[in-house]
């Protein structure tokens, strides 16, 4: 019967072309270059975009916010150090919806972070968070973010100032006052840093920011432990007049219970001048002190060698 | 070769949203139509006439049975090239002119391009739309649309023409024109199968009719056969004003009308009735057989029928 | 067979051309392109950018509106008005009918797009005084827009073959919007896990990927497009449309036309 024949043929055609279109789409996707500035933004002027969104700027802001997260995730996944779209995307997002707090927090953290964890643009980060504060003066989180950025830049006075401003906001978290004081007096100390990063780790809900805080805390622990180990080594030096050849020697002499392990599970290393550093500095982010002397971090793929 | 042969054609719809109940639009239909005859397909609205026609045209798929037209399958394109169809209350692409419409249909029916123009003009003439051939159909009156519809149905010179309610919505003049056209088609040797509920038209035009009610065939046959001899009565008319006791005894109803009396007597009592009239010395004016009209026959068939009888009736329909 | 499809297509084209709605939409689109010239004058350097961006976006959006408006009526209107009965009682296969309608509407949209594209080029000429090599890529962008129309036509035809005009319009429009944001859907899929991820990934392949066919902003910045991209995009659009059409044929073939 012709009808049955047509039906069978149409079914076959449908199945074949449906699968075919799936494969072709896959091919097209691989061909499309990684999102260029223009493609992802589509319209780069925030004012124009807001006008064109016909009142649905909240929705559009959400769309762009998902793009921020996706973009960041993709750059991290491909281990690229190129975060050039982060600022434009965040700028667009926050202009479309000035009350989207997570966007300011994300930007505050990752615009300031150095590659390969962020864009390395602390001034832009400050700019973003300040505009967030202007639009949301009663949200203590943003002052907190700001303080952090300054702290990372080692501008302890500005950090204390930001925390202080934040502590005056109604319903502010009590630790803002404590941190203001801590920064003002013990800015450069490890303990301050530990406090700050623990606070972030505990209060944030964002997966990336939490990861970031965890990394910092691990590095701080390593730095602290290295510092303590150096004290022991210095004491040995004072007693014997020489530096120990290795930690094994100290272990044999019952000065240490065993070979010390860093938070990533590698053995701590000891150099001839009594300086302690982590076993695998290339894969231990955020370390400040426990690095080998004269250590230059390995350049990220595609970016220029940073000046030591 | 029969023009149309329908064997057990039926359509059952499943209605309802959650629990589907079957709704029988057409019970198993057996029907045959010979070539060259005008066949009337009668029935009240909702009887299943349009459903049958749609199944024959391949617009609706039967749930049982089959049909052959000119001894070819229903979905055979060669068959479709030899039939014409006019749907009920047709509507055509109103942005086209009559000529453009027919040319379009002509191409689709496979009329050869070199003959097309001449054929279109002939048919337009035949249906009397010559003057309006370049007028857009949106400006046509109902009667004109109907005629355009017949034009597209006969354009490709089909052997069998199907018309669904061709006279609906027409004024008496329009109806007369369509009737003439149908007679013309028969004259040209075509078979015409048309459905209607206007009985007078069927009575005047058709060689044979079939009556459908509630999806079941209630009767098939030539018009005379169906209307005559069912009740087999004769009407006696005599002058005077006296009611005849003898005839009343035979079971006749006597009515006085002016200075004549009429009595209807069953045909098998005719001889006895004549004796009575002679005996009572009535001045007989006329004796005429009473023919029931098709309408009477029709209405009689419309009484609802018990389930078993439906099957039996359809079995005898062919 | 080809002759019947051609005549159905030609008739569809004729119907569209005689439909006044079409002209209103085209006029509006041209108006918008003209307005682009004035918008561009607000900022000196981006005149060309705005003309191309706004002009091509207008062509794209209005074309989709036309495609939906006419497309949804292609089959359902014919059934409603019973014009379909006199066509199908002739030796015309149901699939030939669908194919004819498809080519007719696609043809209408191609002609339509060319008219509007002329408007865009005229505006471009006006603001840039002369056309340079980079403007050739605008033609490719227009070609991709036409490919989008082909897909939308097929979709409108699919929905028209089994649902009412209103629902067909709604469904087609929804698919158009989600297809335009296909990239974001992909991003969403990457952030989810498990069953949701499967569902999202399936959706990405099922809905038409209009974002892949949208190169307006690249072209506005004068960036070149690779020949391979053009080829594979064309193949995708055509094969996808074929899938949609075969589904339409499948549904229509089995439908009882009450």
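For this structure, a couple of remarks:
Chains here go by letter, A, B and C, matching the order in which they are written, and residues are numbered from 1 within each.
Operating definition for what follows: a residue touches a chain if its C-beta (ideal position, glycine included) is under 8 Å from a C-beta of that chain, and two chains touch if they have at least 3 such contacts.
The shown structure was predicted, so the numbers you read here are calculated from the model rather than taken from an experiment.
Chain centres defined as mean CA positions place C nearest to the mean of all protein CA atoms.
By number of C-beta pairs in contact, chains A-C lead all other pairings.
The chain with its C-alpha centre at the largest distance from the centre of subunit C is B. Subunit B has its Cα centroid 86 Å from the Cα centroid of subunit A. With each centre defined as the average position of its C-alpha atoms, the distance from subunit B to subunit C rounds to 49 Å. Computed centre separation for the pair subunit A/subunit C is 43 angstrom, with centres defined by C-alpha atoms. In subunit B, the positions touching at least two other chains are 61.
Touching two or more other chains at once are residues 2-3 of subunit A. Shared interface positions of subunit C, defined as residues touching 2 or more other chains, are 93, 254. Across the interface of their complex, subunit B is touched by residues 3-4, 7-8, 11, 14-15, 18-19, 81-83, 85-93, 254, 256-258 of subunit C. On the subunit A side of its complex with subunit C, the touching residues are 2-3, 6-7, 10-11, 13-14, 17-18, 20-22, 24-25, 27-29, 31-32, 36, 38-39, 41-43, 63, 66-67, 69-70, 73-74. Contacts from subunit B toward subunit C in the complex involve residues 54, 57-61, 77-78, 80-81, 83-93, 95-96, 104-105, 107-110, 149, 152-153, 162. Remark: subunit C residues 53, 93-95, 181, 184, 187-188, 190-191, 205, 209, 212, 217-218, 220-221, 223, 226, 228-229, 232-233, 235-236, 239-240, 242-243, 246-247, 249-250, 253-254 touch subunit A in the complex.
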